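Pasting the structures here.
Both complexes below contain chain A, partnered by chain B and then by chain C.
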Partner chain A sequence: MIEYIYSSRRASPRSIRIAGLVAAAASATGCINDDIELYEARVRGRVAAASPTAITGTLHLQFHHQMSAGRGALAHPLGEIDRRQVAAVTLPVDIDETLLYPTQAGQGLIVYGWLDRDGDGILCAPGQVDEPAGAGRAADFPSHSLTVDLALTQPCAGAERLYP
Partner chain B sequence: MTFRMPVLRFLAAVCVSGWLLPAAWGLPSSQAATGAQTEPPAPASFPVSAPPPAPALGDVAAPLPPPPVVDEPAVQAPGPASPPPPLKADLLLVRPVERVLVDQLAGGPTRGAWGISLQGGYPFFSLRALVGVRHGLAPLVEVETALARRFTTSLGLSLAWVRRPHLRLSGEVLLGWLLQESELPRRGPSGELRLRLGIPTRWVMPYLVLGTRHALLPSRTRIERASGIETTWSVQHEWTPTASLGLGIHIHRRVGLDLGADYGWVDAPQSIAIPGFHIGLHVGGGR
Partner chain C sequence: MDKTRTLGSVFRHGLCGLWLLSFIGSSGCDTPRGVEYLGKRLPVVDMHLHPGEWEGIPDDTKKVIGSRFPFPFGLTAKQTAGGILSAEGILAEMDKGGVTQSVLYAVYAPRTVGITTNEWVLADTQKAPERLFGLASLRVDMFQIDRDAELARLRSALSHPSMIGIKLAHAHQHFRMDDPLYFGIYQLAAELKKPVYLHTGSSPFPGTSSEPPYTDPTYLEEAIKRYPGASFILGHLGYDFIDKKLGALDACIRLAKAYPNVYLEPSALGSRGSDPTGENLRQAMARMREAGLVDRIIYGSDGPQSPGFVRDYLYRTVSALLATGYTVDEAQAVLAGNFARVFNVPALK
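Right after this comes the complex of A and B.
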């Protein structure tokens, strides 16, 4: 009788399988609401304009995924990660920005920049002067230290027009 | 005094509610009888274990009456020499509202009474079960989903604060886990406080449920630097006030239906929510 009771209390293979399934489900659902993974990258380079004369203004920089991780066919080029402003610069100018790159949201790195010559914060508003823009791909990404040179040669061009 | 046999318990409840309650509330027995819709007519005699009627309680010197044959206790209750208030133990036997619909929607089942509720509609579906362990106290388990994308599983306790024939007020505390799988995943422990108010009548029971649900959503951020990986944790708070207003319909002592309008404001006040509705089925036993 004692042996029977002892044996009945031992875990059966079926109960072990059920416990395994429960554990797998629990680990799949997890207790973490959001798991964010970031990759720190320092982006350095030189931004120059096509104009032979020096032009000044506020430099707007945007960092994009080369390809955003949409679901299935919804994956698309570009996807903004971060943006910065460097006030009162005269091109050409050297940049040095540190970026936290979300690794789960896409791949590749595109840097886009334009020069706000009239200070209105808008790229080429009607009736205003043309403002140069350009984009470049960080070829050696992923790396913690990147070099990207931008040539602002396209007036009034958005990032979507410059890439791909 | 404890009644083991369900029949004796039922007969005792009928007898005591037919006579002791009017005396306790100071009402004529005919007036009180109009309010007890669910009680069957009083039997002709008390059970052996039931307390004797007024003369035995009022006259200490009188010999104990022979085993009880009392034809009309309500006739003897009024009069100048009214009996003293009944004992509390006797009052606890009175169960004027013993329907599963009331317990499920307004809380407070008696000991041994259990019930299961299945409510479905837009956007919430829920399965709720509770069983009474003491007078008005009941543990409960609840599973709720919103459009099969947001799930909440909770364990809790329900306690009835007011338990009268035409008023039932109870509070609930629940602890559980929130799991939302969609474009906006949500995972984390949740807790809820709930207030349930029901007004039982003969056939229907209007009810109101107010709740405040809080979820803690832990998030992990890992930053891979040239010097190594840095991990930080943060917790978001999500508040979901809820409200339901509806009407329960008695089908049977152990079966009931309800219709209601719901409002669950997920992640208030940062979001907006539209009202919903539900229809529910309630079954139970142990009554």
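Right after this comes the complex of A and C.
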């Protein structure tokens, strides 16, 4: 049976056991005893750009493990957990996002962001304007309430360019 | 009439392989290597095979791979994969398909498809050095910290004559195709005259980067321009493996027409799973030929994947070549000649 273990912000981790369909599906696929432990974390902070003038666009956020788990050499930096978009923002802007963090899949938390200035959904498509990106580490993770500030100072940089 | 006879010949070859499958452990049949094409037997080089260890693959990807094995192989995915991923298993799959020579890929993609080391690939090539070659690769997940060390490791791996090129997969290894931080790889390729194979297009494996800077070969253009001495082989023709569409084929063709150091490799996209009717592979072959790029196409399958895949993919490709009017000389170029020229590897008689 799959067991989803969910940690609330106020209580110690408690288990939410999802029986019925999940168990049947697990039995059918052979995925027995796969436990997924999710840790709820609220991430707040300020996202700013290097530009002294206000820039606007859609803010793309990605949440990564700082280091993903894996057998031996399969461990690696980063590993996306979730992503969000905040439309029509003008930097600097405050963020407030709640994340369900899979604890067994890795450790630490990196927040990566970039601003989609031209609205094409692509960071720095050929021939388009440079778009700023930045990343920050949640220094006080694990905690249910985190502060991460992002400085979008690196044009066209993917998350892999900003950490490690 | 010629076409019918040739397809029949290839198909009989396939039946021989199926017969082998049904008698596991029996020795191979005596069918000569290569394929008959319009009455002429042609050698075949499969420039894209993956050796390795089942344990070198992340768990989520193992599930995807295991689900693709035809029944009943999926029930014992670990044993099945272990059998066909070894050098001996790959040689057996090549023999089933009539493949003359192959290229084995090292992979360093811990987040997606796993790790097969340069040392592993080199050791495999030495089991049959006249038939097996290798592409080396490198880790890039800490490249800002260890770039020089990784490039030195790559250089060392490429010093062996059996290691004839470099394998990269931006989507699986998570680095942008246009990021100059990684251009030292192309510089090394140009210096050593070792072609670079690049996965282009999307990928069905968990954890893959799916955004265009990691999948669309358009983002390679700056590197292609900056390193004319490096050969860039655009793997999978930019295929969209999620929606089973030709994806970035137009971009691949445009780049190959614009730059003489660009080559095209149509592996995986024409498989039963990714192109059930074979129409996408036929279209791709037709459009590359119409664009005058036959001398840039290098055959690969992306096997062994599952038992019989290497043979099946060759059959589907030869069928597509026939259906789209490739002459004997053109088919010979696609199946072996272009590979020999680009990699400077003598064809095995």
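Criterion: the second predicted complex is superposed on the first by the 131 of 164 C-alpha atoms of A that agree within 3 Å, B and C clash if a C-alpha of one lies under 4 Å from a C-alpha of the other, contacts with A are read in each partner's own complex, and residues count from 1 in each chain.
Following the convention adopted for this analysis, a residue touches a chain if its C-beta (ideal position, glycine included) is under 8 Å from a C-beta of that chain, and two chains touch if they have at least 3 such contacts.
Fair warning: this is a prediction, and the values are worked out from it, not measured in the lab.
Novice: Regarding the shared-chain residue A:R83, is it in contact with chain B (first), chain C (second), both, or neither?
Specialist: neither
Novice: On the A-aligned overlay, A:L74 touches which partner chain: chain B = first, chain C = second, or both, or neither?
Specialist: second
Novice: If you stack the two complexes on chain A, which partner ends up touching A:I36: first (chain B), second (chain C), both, or neither?
Specialist: first
Novice: Tell me which of chain B and chain C touches more residues of chain A.
Specialist: Counting residues of chain A touched by each partner, the higher count goes to C.
Novice: Across the complex, what residues on chain C touch chain A?
Specialist: For this pair, the touching residues of chain C are 55-56, 58, 110-111, 114-115, 140-145, 174-176, 178-179, 181, 207, 209, 211-214, 218-219, 221.
Novice: Spell out the part of chain A that touches chain C in their complex, as residue ranges.
Specialist: Where chain A meets chain C, its residues are 68, 70-71, 73-80, 122-126, 156, 158-161, 164.
Novice: For chain B, which residues count as touching chain A in their complex?
Specialist: By the definition above, chain B touches chain A via 179, 185-188, 217-226, 236.
Novice: Would you pull the chain A residues touching chain B in the complex into a rising list?
Specialist: Within the complex, chain A contacts chain B at residues 29-40, 100, 103, 144-145.
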